[in-house]
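Here the structure is laid out as structure tokens; the discussion comes afterwards.
Order of writing sets the labels: A, B, C and D. Residues in every chain begin at 1.
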Amino acid sequence: MLLLDLLLMLLIAYGFGFLYYGLYRNLSARVHGRFGPSLAQSFSDSIKLFVKEESTTFGWMFYLGPVIMASGAVLNVLFIPFLNQGESLQGLSSYGNLIVVLYLMVLGPLGNALGVGSSGNPFGVMGVTRGLTRLLALELPFYLAAIGVMIDAGSADFGIIMQAQSTQSNMFAHPLLFAAAFISFLGFMGKSPFDVVGAPQEVYSGPATEFSGKFLALLMSQSAMFSFAKLLLMVNLFWGGADHLGELVAKTFVLFVAATFIGSVYARFSTVQSVEFLIRIPTLLGIVGLALL
Amino acid sequence: MERKVITIYHGPQHPGITGNMSVELDLMGETITRARTHVGYLHRGFEKLIERRTIIQAFTIVCRICVPEPDPNEANFALAVERLAGIEVSERASYIRVMVLEMARLGAQLLWMAGQSGSVGLGTVGQWSIYDRDLILDLFEQLTGGRVYHMYIYPGGVRRELPDGFLERLSALLDYLQKRLDAYDRLFFDNASFQKRAIGVGVVRGEEVLRRGFSGQVLRGCGFARDLRRDNPYLLYDQLEFDIPTQSAGDVYARALVRRAEMRESIRILRQVIAQMPEEGAIMQKLPKHRKFTLPKEDTYVAVESARGEFGYYMAGDGSEMIRRMQVKGPSLIHAFSLLEPLLVGEELSNVALIMNSLGICPPEIER
Amino acid sequence: MFHFEATLLAHLFFGLSLLVILPLLRRRDLVLHLLLLLSLGILFYASSLATLFIGWEMMGWSSYFILASSARVATLQRYILFNLGGAFALLGAIALLYGFMGSLEYRDIDASLLPPWAMNAIALLLFVAVFVKSGIIGLHDWVVDSYSEATPLFSAILSAILSKAGIYLFIVMFMVLLKEGATEPLLFEIMAWLGVITSIVATFKAISQDEMRRLLAYSSIAQIGYIITILALMQGFALEAALYHTLIHTLIKLLLFMNIASIIAITQKERFSELGGMIYHAPVLFLLLVIGIIALAGMPLLGGFNSKFLIYTALLEEKRALLLGAVMFSSASAFLYCYKLVYGIYLGQRPQEASLHVSPKSYYLPQLLSAALLVLLALLPSLPVGYLSVIGVELGFAPLDDSNLFILQSAFGSFHGGALMGAFGVAFVALLGLLQLAHSKAKKVKDPLDISYCGEVPRSETNLHFGYGMGYELHRISFIAPLLRHHSRVLWDRLSLIASDFSALLSSLYSLSAQHVTLLALLLFTLLLLGGQ
Amino acid sequence: MMSYLEEHYELIHKTPRLFALHVTREQLLDTLHQITTHTSFDTLSQLTCTDWIEEERFELGYMLTNALRSHNLMLKCSIARDKVTMPSLALLFAQAEVMERELHEMFGIGFEGNETLYDFALEGWCDIPPMRREFDTLAYVNAHYDFREGREDNLDVKEEIKKRKAAAKSAKETPSGA
């Protein structure tokens, strides 16, 4: 039963992840004044890449990098409950908690960074370095917000955190914390102005530079699932989770659309600027939010 | 062996490069310690080809020297040939030339805006401005039959009469663009995130810049109101009213602001052209026959103000129907070497594309 | 000597010392190493302050002599000066205590008899001793220099064991002997923030290092910083978190320093800018280091997460949100130097000239041991909790729940190590299988320089290794740059300059002529007269 | 500013805003120095070279312009094609460095004092400099490259035009609807 539940969760994350990616391409196309590709495009892209005849590798660590990253994404999906009540779609969330998930979010990227590093491509490593440099500022506001939420709920357990919001969601109870977390979240989703990691005009394709064929397909799939997990995390922490699948879809979609639209009207900061910005504005919001707790 | 500095290539296959060139960068972290420009990925030997061609044959080549803005090349070529061969151009043809040049300038600025916004990851602006540039290209297609390469400004005048209702359509397009420029102001020029990226980056400053041969927005961005249309007028620019916008900061943002104002000035010039253009008049002078069209053994130098700076042609005839020597110097040669190389040292890698775009570097005109 | 209430605590610290020192014993400095071990025994199992001080001093001197075989004179001087300073502070505290208690035996000490000012003075003096030993920022110079100049093996001992002496001293003094003392709470507050500031600054410093062992030295300082912070809470679960972290950190540092010792033995190089691309020459070492850095970064799936989790929940339980935020910030920043460590040595491009030696086989044993323990602790996170909570009970705190070895319990939630491990394992194997079964064939490049290089071709002499550059950009970030720029040594240099000026002034008194002396005496006399009126 | 030039040199008025001046190789640096100090022509905007192969000389053109960018002065200097070195202007004008580098590559003119005369646009070129008139592009291409065969359905343009003309002619001769 649990196994079926887990598979269902992965399927939902995979499906909605790619669906949202397709929607992202469409929505940003509308902002640009174009028609985007069809929604099926991202699925077919990943399948096409997966069945490519040949892909280059630089050795066993390069081969394992995307696998570790995808495993990290899978773990993230499984350890965040999809719904705030009931038995189904809870995954392994009772075996972990918010702190575990916050750290799991970094595990996959670190594994992939090992793969990127073993390719010996300077652009890849520069991308990773940018990511890690940004991370030190990106996580701080999110951590502050998460700490506030945990202290408020008196637990790091997702179920209790969501239950504590049954009367009023954290977004309204702690608007400053939400604002801090949301700005971080934009960065986690790789949206402007914090999209420094794979900035094509600067570091070629960043960490993805050397990956091709099935490796790229795996990376695309994990990124779709991973972004769904991030949406899920935000919904659970600040919007009280979801009672049923429909509500979950609605909430994640709203969050996702907000991130997409904000992302398409800002220029990219440089790494240093994004670190400085994140340390100043959202961190300050977070600290004030904690003080008001 | 100490391996502190890594060497990377920014181009030729790099999304952050303008065209087919590369900058070899030595990086300490992401800080540039040495930059070296490399060209040669696109050398087509146009100057050599032109030496073996008659004027009409050479004419088809010159527009290809600069892709984003071919018309200043045609104008330069025509002006140089006319000066050597002693041909006078009618007033109507001159107005049409000014119109074409200003439309091309507007198109080039929109294209620049796409590049500049793309270099900071603001793709939306690029999508919009490329669409708007396409509307200008549509008009070019009606006028000349070609969208990018027009082959329109020929020695002696221009090659085709305006199609019916062209000026009205141009006027309507100008109204539309005027409105669009406000949208660009909001999304791009006044965007706080672009300002944060652009202010204080790539600063060119001081009296010395005049002596180093820079031109275009580089000069105007540091407070020198230099514009060949005003300083060394050609065609009918001395009869048209326009301002030369300047800024004093000398950074990327100052150059962007100069371009923003120049787009409005171009629209202003085009409106005057529409109003003042004579209804009647020859558009082409009588020219000698193909093989008889010879240039005397003389030389001359002409320069026009392109959207990116001074575009100069040196042309020498030798009494035959071939051109003995035509040497092209666009603004990019100086900007990409003697300006860009020292300017990049000490900058971050993320500013390379930004600075390069703001200097208006276009490799095809360096390599011809 | 063995009549001490906190024997289990001593067992823990001495056990760790044995774990680290025994595998590293070498013939050349055997005596000194044994002396060090002896001194640690004396220190940990002391039952009177006098014995404690003797152990403390012996530890300092024996390590000084071991260090003397490889370090520069300046480093040695710095080492001994800082340690003497710490020892004097400790001696001061002991003397004060003796003044009030009239005895040096642990059992005679009753802190409730101490007046507040004396308690605070003792606390301050002890803080100095603890801070020097654990390299709180400003007092950390000697740590970095001595770690990087010791022999590679002794670096491991220094970091894994000797850095813990300060922590032991703190626990014994404040949680066992002076528990009843009326120490000003503000002092502990300051200490908590000092700890976390130390860890943040040291983390940034670590990121900007080019030498492997200097990076690890700063990393040690940062980790000890967490422990100091958490200890300053003076709570039971905080103590257990700190002890857990001590245990984990000992394992990690043993693993990492031994790994680096192997690399130094193989390549004879110590800098990231001279290394790179070792992964395919030493895959086992690479995997061991990866285990080390994942644990160091505190990620789940390896033991490092357990103690981080306990630290975080302990801070959460005390509602110390800002302190926790700062700790998490420092911990997240640590990812960068963790990656730098593994990339700089093992990944990227090999340098051109590369003559490789063989690493001694004996270096692998401690690494394998710690790696195995780290994996085991990940699977059974509650394994040491039983022991730690007995220590906690011994010191008068409530025990922790360790009913299920797979689950690490805390007041703010729990996690299942086995489930994490299992889920990751299943996902990893499934995805690897999927990738293997794919129609697409993975083709290995023949030349490592066959990379996407923007259409150009790198030459063999082109440097593509980013080891030095990683983290260099921190110098541009406005609020980090000053931390990296200002070296605390400048402060000490200035202090020594003032001291030598002052002593020069004093010494000039000896060489004064008779007239000057008379003049001075007159002046003094006048002043006295004036003062008398 | 014109008066100084008129006084000291034989100025050729090409247009109201363009002047020319002939100097010898030896006079060049001195003249440039005089002009930049006494007149406002203080910027080098282009460095040209024309190959007068029948007269066995290169004609170098130093295009000067003033700070106001309103007038141009062309300093022309002929040098023998076989004795091909010039003093570098890199110290006088920073921008001359790259211009000289290009001419060095394209014409094989050496510039004494310019340290940057390495590859410009060509890579590893070892033939005669390509912009010299004796360099035959077609011969070079024939010697170094193979012509790729066209597509299979490729048609000969001349043949096709002939065919079309013939077809049009025959269509005219036999009017439809007859």
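Here are a few things to note about the model shown:
Here, a contact is a pair of C-beta atoms (placed from the backbone, for glycine too) under 8 Å apart; a residue touches a chain by one contact, two chains touch by 3 or more.
All values derive from a computational prediction rather than experimental measurement.
Ranked by C-beta contact pairs, the top interface belongs to chains A-C. Central chain assignment: A. Criterion: smallest distance from chain C-alpha mean to the mean of all protein C-alpha atoms. In terms of their C-alpha centroids, the spacing between subunit A and subunit C amounts to 33 Å. Measuring from the averaged C-alpha position of subunit A to that of subunit D gives a distance of 57 Å.
Mean C-alpha position of subunit B lies 61 Å from that of subunit C. Averaging C-alpha coordinates per chain places the centre of subunit A 43 Å away from that of subunit B.
Within subunit A, the positions touching two or more other chains are listed as 122-123, 126, 204, 271-272.
Looking at subunit C, one finds that residues 453-454, 464-466, 469-471, 473, 476 touch two or more other chains.
Taken pairwise by the contact criterion, the protein chains fit none of the simple patterns, being neither a path, a ring, a star nor fully connected. Listed by label, the pairs of touching chains are A-B, A-C, B-C, B-D. Against subunit A, in their complex, subunit B makes its touches with residues 6, 8, 14-16, 30, 117-124, 127-128, 131, 187, 191, 193-194, 196-197, 348-353.
Of all residues in subunit C, only 210, 271, 273-274, 276, 351-353, 453-456, 458, 462-473, 475-476 touch subunit B in the complex they form.
Those residues of subunit A that touch subunit B in the shared complex are 28, 31-34, 122-123, 126, 130, 192-193, 195-196, 199-204, 264-273.
Those residues of subunit B whose C-beta lies close enough to touch subunit D in the complex are 39-40, 43, 45, 47-49, 51-52, 83, 210-213, 215, 226, 228, 231-232, 299-301, 303, 310, 312, 314, 316, 318, 324-325, 327, 329, 333-334, 337-338, 366-367. Residues 14-15, 17-18, 20, 42-46, 48-52, 59, 61, 63, 67-72, 74, 93-95, 97-99, 102, 119-123, 130-131, 133, 135, 137 of subunit D touch subunit B in their complex.
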